[in-house]
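Think of it as A, B, C, D, E and F in the order they're written, each chain with its own count starting at 1.
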Amino acid sequence: MMPVKRIEIIVDELEVPKVLKLLDEAGVSGYTVIKDATGKGDRGLRGGDDLTGVFANSYIMTACPPGEKLDFIVEALRPILKQRGGVCLVSDAHWIIH
Amino acid sequence: MMPVKRIEIIVDELEVPKVLKLLDEAGVSGYTVIKDATGKGDRGLRGGDDLTGVFANSYIMTACPPGEKLDFIVEALRPILKQRGGVCLVSDAHWIIH
Amino acid sequence: MMPVKRIEIIVDELEVPKVLKLLDEAGVSGYTVIKDATGKGDRGLRGGDDLTGVFANSYIMTACPPGEKLDFIVEALRPILKQRGGVCLVSDAHWIIH
Amino acid sequence: MDLNLLIGNFLNPPILFFFLGLLAVFVRSDLEIPTPIPKILSLYLLFAIGLKGGVGIAASGFETKIAVTLAAATVMASVVPLYAFFILRRKLSVADAAAIAATYGSISAVTFITAAAFLEKLSLPYGGYMVAAMALMESPAIIVAVLLYRLRSSDRNGSDFSWRELWRDAFFNGSVFLIMGSLVIGVLSGEAGATALKPFTSDIFTGVLCFFLLDMGVVAARRLGDLKRAGVFLTAFGILLPVGNAAIAIPLAYALGLSQGDAFLFTILCASASYIAVPAAMRLSIPEANPSLYVPMSLAITFPFNIIAGMPLYLAIINRIWS
Amino acid sequence: MDLNLLIGNFLNPPILFFFLGLLAVFVRSDLEIPTPIPKILSLYLLFAIGLKGGVGIAASGFETKIAVTLAAATVMASVVPLYAFFILRRKLSVADAAAIAATYGSISAVTFITAAAFLEKLSLPYGGYMVAAMALMESPAIIVAVLLYRLRSSDRNGSDFSWRELWRDAFFNGSVFLIMGSLVIGVLSGEAGATALKPFTSDIFTGVLCFFLLDMGVVAARRLGDLKRAGVFLTAFGILLPVGNAAIAIPLAYALGLSQGDAFLFTILCASASYIAVPAAMRLSIPEANPSLYVPMSLAITFPFNIIAGMPLYLAIINRIWS
Amino acid sequence: MDLNLLIGNFLNPPILFFFLGLLAVFVRSDLEIPTPIPKILSLYLLFAIGLKGGVGIAASGFETKIAVTLAAATVMASVVPLYAFFILRRKLSVADAAAIAATYGSISAVTFITAAAFLEKLSLPYGGYMVAAMALMESPAIIVAVLLYRLRSSDRNGSDFSWRELWRDAFFNGSVFLIMGSLVIGVLSGEAGATALKPFTSDIFTGVLCFFLLDMGVVAARRLGDLKRAGVFLTAFGILLPVGNAAIAIPLAYALGLSQGDAFLFTILCASASYIAVPAAMRLSIPEANPSLYVPMSLAITFPFNIIAGMPLYLAIINRIWS
């Protein structure tokens, strides 16, 4: 089992393409997206109840080896999160290599 | 990056408002909810296949700094989980501060 | 709070029954499934945009005590992941016992 | 003629699609209506039946006979859970007995709708106010059951219980609210509104109902497994109580001088058991009760029994008595 | 007669269902249309109105008067955000002012659709090309607002800004694209296509609209809370600007020699505010702007005002002037 | 007249909406039909066509000619994958060859439905039993392909393979099961059922088909990228094999003495490729095969080719021969 960093990102549905582009640039091996995550944060309630996607979140998860990639992603995400809001959590995990 | 506790709660869709109220009372900075999580546990299969929400789960995730808040949440959740079933996991993570 | 291993599995929607059967055999106390996880990996983009389920992922999460169960699950999963693709992450967590 | 009714009902597309749904699960087909479609289909059915009822009332006007019928409906909905509770107490915990009592005291809108479609197929008329009766019958059983539960049960986990919430769950839960609302809108907008909405609320209605019952079949079959837990007593209860309720409802309807169509719907309401409004309310106000008992009972026993055997049976009896 | 219009509109099922949705939230009912159903309902409405418009154009043919009207529509959609911006700047940041200006410069397809249904109820005819006008009026305000924002704002976070993307968001966002596409398809397939699609696009239309407005009511009521943040100034703005726009649109429509139906739709377009296309575009190109201002303003103030009071008001005035 | 057919088909709303879907992706619009709506739309289409077919059979009755046609259909569905496999083996692995062979041996219900709508537009009649033929043609290719695969491939990963599961996936997968079920229900409920369901199954059918094809266009365009991997050989295969199958099907249909409408549908069935039932089955029983080959081939090449150029082409030839 390979130690990896598990990065969880929660952002506007509308920001998702930008974040995924960023992950591709970082060269992660892949990612998983769960749409229609509702929630609450500094920008208030986010019902998935609208037609605009302005108030809907998506949940993005990617596992990547610790090191440069991770730092690149984190640094690239900061401005987005700062400007557009959202959350990014990093935790440790082990990847079952197959 | 700030060390935080990542709390995951899986409960009846019907219990969600109660749990969120509890989280608000605990003063967490926010939370994320993913509806329509199906699953299996002590109370048997939980298809998302019903009209009542009685057999549907929701997944709730919140990140909060370790310490009192966490303890408050855990203690407040216990009776709910005991009575209504459900699961609560706590793990370590780092929050990208923006 | 009981230390547990948090196993996350992301596979084809079509593989889910097989994986859940496997988890039941391993005797886990339960699991949670989130359907319609889209994503990207070695097998390319996985829009949830098709009628076949061939290109849709599901997210499976189970918490189980460290030890044999875990090893059994990991070993049983490897061939499936190898052949059908997908990802399995294992991380540490604490279960709020109720 | 009873047999004709039975067969006629059996060959009714909605019923056939219910069977198709059951069959899908038995042959382990992966056929299923993905969430949240069943939810929206049921909202559509409530929306449509509510409007139909409202327009019907607007047309017929409001007579005292209607008021009497509505009163009778409310009374039945409050009495049924009482005797159901005491029957169930012989074998079950207070919590389970109360929750199942609520389930059978309340009504199943889809059963009502299927029955109404059955009447239309036989071109037997019915009054729009019966929809109002349905709406009125959803909630009382919930209140009665929770009262029984709280009077009889030692552990009241009063901590997080609130009458206000119960009241809201009982009278303002989505389905009750939507039927009532559509009913009122039907009354207000009357003929004009009716004609504008007819293609949506009437013409495609049967088709949507078929689709919905297809899903009901799948869900019912899936829940059948839980019945092992329910055992013989509850399985029998799931068939005999509806018949018993019908045995009370039919004479009562006769005494009230209802038309055959109205009497039939009144009977089916008393005989039917809830699986939308009540389970949600019970889960919240009687958490000790086991949903794997009361949901499969109403969904996998009483609902199929009513739409397959119950409807033709009740109607046959009514035809005998009225003619 | 104004009063009749008001009441007639008020008793229109779609409006009544909008109120029902509001009410559901106020009584804290759990009634809601689950995602993604509202999305698909709105796609259906755009699809249907687009086809209707296209067929209408195919029937009427393309005269210069149409071209003039379309030009006037585009001009209005570009001018409204200008003066809206400078009014808003008195109290708001450049970002918020620009975003709200875009919201009110653009249009609300659902308001237009509700207005069209209102006309059909009164059997007042309107030209299919008004749908084209609607489609044309969605985008200009977005461009204008972003221009204003980028000229006036110091921090342009130019980093991730791209005109190509803005252009695409403005002209190819899902709703604009679907209306335009359906419109063209309506023109191409003409009468033959129309008859084949009529049951889907016309007959069940009102019913679907009711369902959609039920959800709109729920969403609007949920967003009402955000209005505290908006305050008196913006709440007043949300009502007065539409009226002001109407006061410009009506004489203009008269000058252009539009029929009463077309004038009414032209007015409602100018008076309506966007809550689908614009918020998404603003979120991406003016991220500093606070969506909790511009969304609730258009959704919870302007939309209800227009469909409840605005429509009968504007039509009454038009009837006065034209007759 | 061929040209008229081509244009007439091209201006058919469903086809136009397919193009609109393609266009949406090319201009990078964010238009999309959110899941699970496409799924439910396709269930609706199967439901509706199944009922139509059943009612048709109930009306026409069951003659030997029908039996012969169904037999021929089954044979074609078993033979096509055979020769397809050996053609494909020249360039591809056993797994990929078998999976693609299954894809082209089986049928596309939506292609069939679009073809049926095309016939109705030209008011050419067809027999309800052709729907039965469609249902029968879905599964054999799956069995044949898996047989070929398991005979020819060294690595059989027999571990988790089960014929029972394969059988179930082939004959009881959701789409096959729903068509078959609706067909039988159509036969059982006959005229009475038909009239009750007509508004839902027939009137709004074309509209729903347009919506579904809009989504098909989006999905097909998205999958176009994968075709790079497919290369020239498979791209050509995706067009030439259908034409080849049609070249066999048309004379066969003539020999069987089918009407023009039935012959056309028989041809389109042989020419069409599956992208619902087969991919799911292949994924499970031939996991080595690459879905990014067989799905885009049927979805992004063969499906568009058939509904745009194939349908008018096949019909033109049939008209020539039959007249």
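Note that in this section a residue touches a chain if its C-beta (ideal position, glycine included) is under 8 Å from a C-beta of that chain, and two chains touch if they have at least 3 such contacts.
Here the structure is a predicted model, which means the values were calculated and not measured.
Listed by label, the chains that touch subunit B and also subunit E are A, D.
Most remote chain with respect to subunit E, judged by CA-atom centres, is C. One simple way to say how far apart two chains are is to compare their mean CA positions; for subunit C and subunit D this gives 39 Å. Computed from the mean C-alpha positions, the centre of subunit C lies at a distance of 45 Å from the centre of subunit E. Between the Cα centres of subunit A and subunit B there is a gap of 20 Å. Multi-chain contact residues of subunit D (touching two or more other chains) are listed as 32, 35, 39, 199, 203-204.
Chain contacts: subunit A has residues 34, 36, 48, 79, 91-92 touching two or more partner chains.
According to the touch criterion at the top of this document, the contacting chain pairs are A-B, A-C, A-E, B-C, B-D, C-F, D-E, D-F, E-F.
Subunit C contributes residues 1, 4, 6, 20, 24, 29-35, 63, 91-96, 98 to its touches with subunit B in the complex.
The part of subunit F that touches subunit E in the complex is made up of residues 11-13, 16-17, 20, 23-24, 27-35, 37, 121, 199, 203-204, 206-208, 210-211, 214. Those residues of subunit E lying in contact with subunit A across their complex are 32, 35, 38-39, 42, 157, 159-160, 218-219, 222, 226, 275-276, 279-280, 283-284, 287-288, 291-292, 295. Contacts from subunit C toward subunit F in the complex involve residues 12, 14, 18, 36, 43-44, 47-55, 79, 83-84.
Partner subunit F is touched in their complex by these residues of subunit E: 35-36, 39-40, 43-44, 47, 51, 168, 172-174, 177-178, 181-182, 185, 188-189, 192-193, 196-197, 199-201, 203-204.
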